[in-house]
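Here chain A shows up in two complexes: once beside chain B, once beside chain C.
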Partner chain A sequence: MEKRAIFSNRFLPLALIAPQILITLVFFYWPAIQAVWQSFLIEDAFGLSTEFVWFENYQLLFTKAHYFRTFTTTMLFSFLVAFLSLTISLLLAVQADKSIKGAGVYRTLLIWPYAVAPAVAGVLWIFMLNPSLGMIAKAMRSAGIDWNPLLNGGDAMTLVVIASVWKQISYNFLFFLAGLQAIPKSVIEAAAIDGAGSARRFWTIIFPLLSPTTFFLVVVNIVYAFFDTLGVIDSMTQGGPAKATETLVYRVFADGRLGSDLGGSAAQSVILMFIVVGLTAIQFKYIERKVEY
Partner chain B sequence: MNKRSFLTAMLAAISLTALSAELRAAPVEIQWWHAMTGANNDVIVKLAEDFNAAQADYKVVPTYKGSYADTMNAGIAAFRAGQAPHILQVFEVGTATMMGAKGAIMPVYQLMADAGEKFDVKDYVGGIAGYYSTADGKLISMPFNSSTAIMWYNKDAFKKAGLDPEKPPRTWPETFDYAKKLKAAGWDKCGFSTAWYSWLNVEQLSAWHNVSLSTKANGLDGFDTEAKFNGPLHVRHLQNLIDLQKDKTFDYSGRTNTGEGRFTSGECPIFMTSSAFYGNVKANAKFEFGTGEMPYYPDVEGAPQNSIIGGASLWVLGGKTAPEYKGVAKFFTFLSDTDRQAGLHQVSGYLPITNAAYKKTKDSGFYEKNPGRETPLLQLTKKPPTANSRGLRLGSMVQIRDIVGEEAEAALVGQKTAQAAMDAAVERTNVLLRQFERALAK
Partner chain C sequence: MASITLRNVDKVYAGGVQAVRNVSLDVADGELVVLVGPSGCGKSTLLRMIAGLESITGGEIRIGERRVNELEPAERDIAMVFQNYALYPHMTVFDNLAYGLRNRGVPRAEIDRRVDEAARLLEIEPFLARKPRALSGGQRQRVAMGRAIVREPQAFLFDEPLSNLDAKLRNQMRIEIRQLQRRLGTTSVYVTHDQLEAMTLADLLVVMNKGEVEQVGPPLDVYERPASVFVAGFIGAPAMNLIEAKAVNGRLTAGSGALDLPAPAGVDTVRVGVRPEHLHFGSADGAGLTLGLTVDAIEPVGAETYLHGHLDGSPRTTLIVRVAGKSLIPPGTRIDTHAAAGDVHLFDIATGKRLPD
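Then we have the complex of A and B:
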């Protein structure tokens, strides 16, 4: 099918895309260029003395051994968050798509957490899982589990992953549910008549037909795990213990906002930007091929 | 010009004249950005209201800007945009950053001299003013809310463990011994703990034992300071904590003060944290509590020396007009008033900033009626401060505290030895110190 629209006027199409381009320029290119410029400078907090140093901020980063550890932590954290939030929300959406009693209430309740700010989500989970105050933590301790996210890196990682996943499930759920409802019932019914069980129907019909939604959500979730989890980490672990939950974006925040090291922080955000651009490009190049629109 | 538009123009001119007359009569506004919440916010609002009511020339307008870090960042961003407030409350760890910004700040000693206000730095408590002064004793920022680190203990727990509730442990070996006894008496999750890991177990530890934290008088005499906190005392203290963490005689409570609830809830019977914790303990502890001085290692010569302060001070930012600075100077004189300072100290748990306010409180018999409230002051003034105990002034201090916390966390779970952890902390700190110095150099 021909999807192209033909405009008789040369300026109309330009005028129509102008707002979009303007927004992208102001909210993406402008700050991105500023970040790149800042990453070449060494500057005091007040901006009273500025020195242009080319790539020195970058060099300094890569001489720090723990910066590489922050990379691997980010990869592990992002994988866990994206994978868990996608699988759990898909499972919930498949269940909600069935005709069950009170489906409306169930759906509404699942969407609620999306309205919660990341820092608030962090604080909520701290209340439940704080070793001294939390209800769940107390129950775990009395069951003999030595739950201590203040010193145990694994426990701390579990903590931030749970809060970040919980926060994202609603969003994924919403898209999955919409995707599921768009799949024609007749196809599924035909398969059922042919004798395909529910698992088979899911893997051979529903899952492939859902792939555009899944692909979109994979991209969005990875971006979420890379950037938006900053509030959760800051309110729960501050990257600790011993850097066990320190992700790239948290490092950017800590160096720039808490440490007033604008050059170093900008260099890190430029690196982070390239990573995410690269990851997204790979996803579009290799995974999108398997998507059936 | 027709009649109507002429009339409009006339009216506009009249109202403009009236407006500018009103502007002339209006008091000079002084913006004060701060980070105080709850009861402390009420104190700030009350101070501003009282000052505004006491005179008509100036009007202090306090604005809450979020956490300490948020407030400082807001102030810096506003300065860069040419919209700085007159007074900015900055936490003690931001001191080096502020002091390094020569053109961005107005030193308090100069402000007071220019405005012709009566001011003598000797009127201020030495241990507090020294922290915010240059190497030659000139006060740069005005101390506001100051506290120091002390020991809080649960008297009820002491009684149950057969310990004398009126005698808190004096030394670290005694503290470990007490904690073991408390642990045996049922406090098995946490014998003792500390908030602010780096402040208590590295910074205060150094000053209290008269041991250098970093060269150049802990940075007070110059930004070319080098961290030294991997000496025998620091390593020994961390090693003790590592050993005691194993059976929870000591239990780590994090890098900031979020673990303070472990004392008020009764979980940790001995807890080292800020003296400003007072209000919280008084409101929330359902047991009898007492305070003691920080413990020391008796075999270290000169210990105990004196403790150092924490809290925040008020910085005056640069680029304002003379009348505005005069107003700020008048406000600082107002703040330093003896009765006002004595009153603030007695209600808030923060330390009095002037000697006269301390003396007045003492003479009034306040400390006899409120035992334990003098502990922080006794500690702070224990001996005349040395180069190791006047204070500390390291750039990037927020990150340095994180580094110390990170390395200690790694050591406490056995990933590193005490020596390796402190060595790594010092090495990483020195990288930050050189970066900070470099950024100021140009």
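Then we have the complex of A and C:
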């Protein structure tokens, strides 16, 4: 079905989309172009002199071994965050779709974490899991579990993953629940009559019908894990210990803001931008075709 | 194939709403039973209870010799055709038909054979590789039928399967469903709110109202001898004329005129019913009903004409007379009509039940 509005005035449609275009230009394209420009410059620490150096910032990056480590850390982190938050929220949404009594309360509680700012979410989890003052950390220690995210890189990664996942579950939950509720009940009933048990109904009917939602959420979650987790990481681990939780976006922040290496930081942003654009393009090109039905 | 037996079946929802009340019904093997009634009468709920999609809160349902109250829908060996078809949108037509067989572990060769056979029967062979969205309404309807057929179940359950189709296609599919059901001889329960569909399809008609069965019988019996005012008004289009009449000196009168009918013994008021096609022009000669009315409007529908009018001395008692062919009677004309005694129905005013003839 074609959904096209027909305008008789040729300026009205332009006027209607102008605000959106303006916002995109000012807040996305302008900074992006600035970042590209900045990535070709080297500036001294005091900002007194600037030199145009072509790709030297990029060359410097790729000669540093720990840039690749940051890269693999980001991949691991993003995969864990996207996979866990999608899986857990789908599970919760399937349950919420079923439950009748207290569904309203249950749903509201699940949506709340989304209203919490990333840095605050980080602090909340720190309070619970900090080895010296966290209640859960204390309980774990008395249960004999060796837990120290301040020293152990794996523990620190677990910590930032938990906080990032927790923060994102609400968003995914809302979309999954809406997606589940959009599946006609009679289709599921037909499958039940056709002899499919509840697990088989889920994998052969519900999950495939949910795939457009899932696809959308995969893209959103990867972008979230790449960019929006900066606040969580900064408030919890500052990329440590020993850069074990330093993701690409955190490094951009650390090098640029804390290290005052504007050129290097800009070069990293440009690379990050290309990675995300590339990932999204691949997802739309190859995966979206399969989710059509 | 199997018979379906309902014994004192009740459905009370958690909120206390009683959707189905004390329904007992016997569907013989191979019979097509139609449940008909206005929306909210409990007919769909009853069907879904037979299917196992709604719990049974009282009574017993048997399919064949088995009590199915506690069985899952899949274990009841029934197939259902839904109003919106409920096809699996992400599967091809072939997979839609094969799904139920695969779930039951039917061997592949057998699946191919059954799907091909059903597709041939329903003439959907050219569409087997398509997805449902690439099909028209009628084709989707056939696929939904096919999905029921391939399973070779004990019974077919139809939940208003034709109400999403346009009028022409609906008539065509109605006949196809009837022929198919006859050919396969599968016991069927069919739910509809369309009394014409009900009349033409049913071996046995079940008229429901407010969760209860008003009347069960072969369609023409129900049409000719409605058991209650509700059935009289619901079955037949245009609806039966219903007139409230008083007994005066052993004769019935309504409005300003005598109806020329003897009053049944022991009643003061009674509801008199007569179908629009049973009213003829002129006065009654002998035993029968006489009605004088003024024509208010004329509805020509082609093969026949409906004269809408009101009873003499009672403008609120509207009447319809069905005349074959065209009618040239102008509105405002007063006419005399009569009906044979055998075509007159008498109902109790208070209970709405038919009075003994």
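Definition applied: the second predicted complex is superposed on the first by the 271 of 293 C-alpha atoms of A that agree within 3 Å, B and C clash if a C-alpha of one lies under 4 Å from a C-alpha of the other, contacts with A are read in each partner's own complex, and residues count from 1 in each chain.
Operating definition for what follows: a residue touches a chain if its C-beta (ideal position, glycine included) is under 8 Å from a C-beta of that chain, and two chains touch if they have at least 3 such contacts.
Just so it is clear, the structure is predicted and the values come from calculations on it, not from any experiment.
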Touching A:E189, do we find chain B (first), chain C (second), both, or neither?
second
For chain A, which side has the bigger count of touched residues, chain B or chain C?
B
Applying the touch criterion given at the start, work out whether A:L209 contacts chain B, chain C, both or neither, answering first, second, both or neither.
second
For A:R200, decide between first (touching chain B), second (touching chain C), both and neither.
second
Chain B and chain C footprints on chain A meet at residues none
Show which residues of chain A lie in contact with chain C when the two form their complex.
184, 186-187, 189-197, 200, 204-205, 208-209, 211, 293
What residues of chain C sit close enough to touch chain A in their complex?
51-53, 72-74, 78-80, 82-84, 86-90, 99-100, 103-104, 131, 133, 147, 151
Touching chain B in the complex, chain A uses residues 42-51, 60, 64, 132-133, 150-153, 238-243, 254-255, 257-261, 263-264
With touch defined as at the start, can you tell me which chain B residues reach chain A in the complex?
69, 73, 76, 79-80, 97, 100-104, 245, 252-256, 259, 261-262, 265, 267, 396, 398-399, 402, 405-407, 409-410, 412-413, 415, 431-432, 435, 438-442
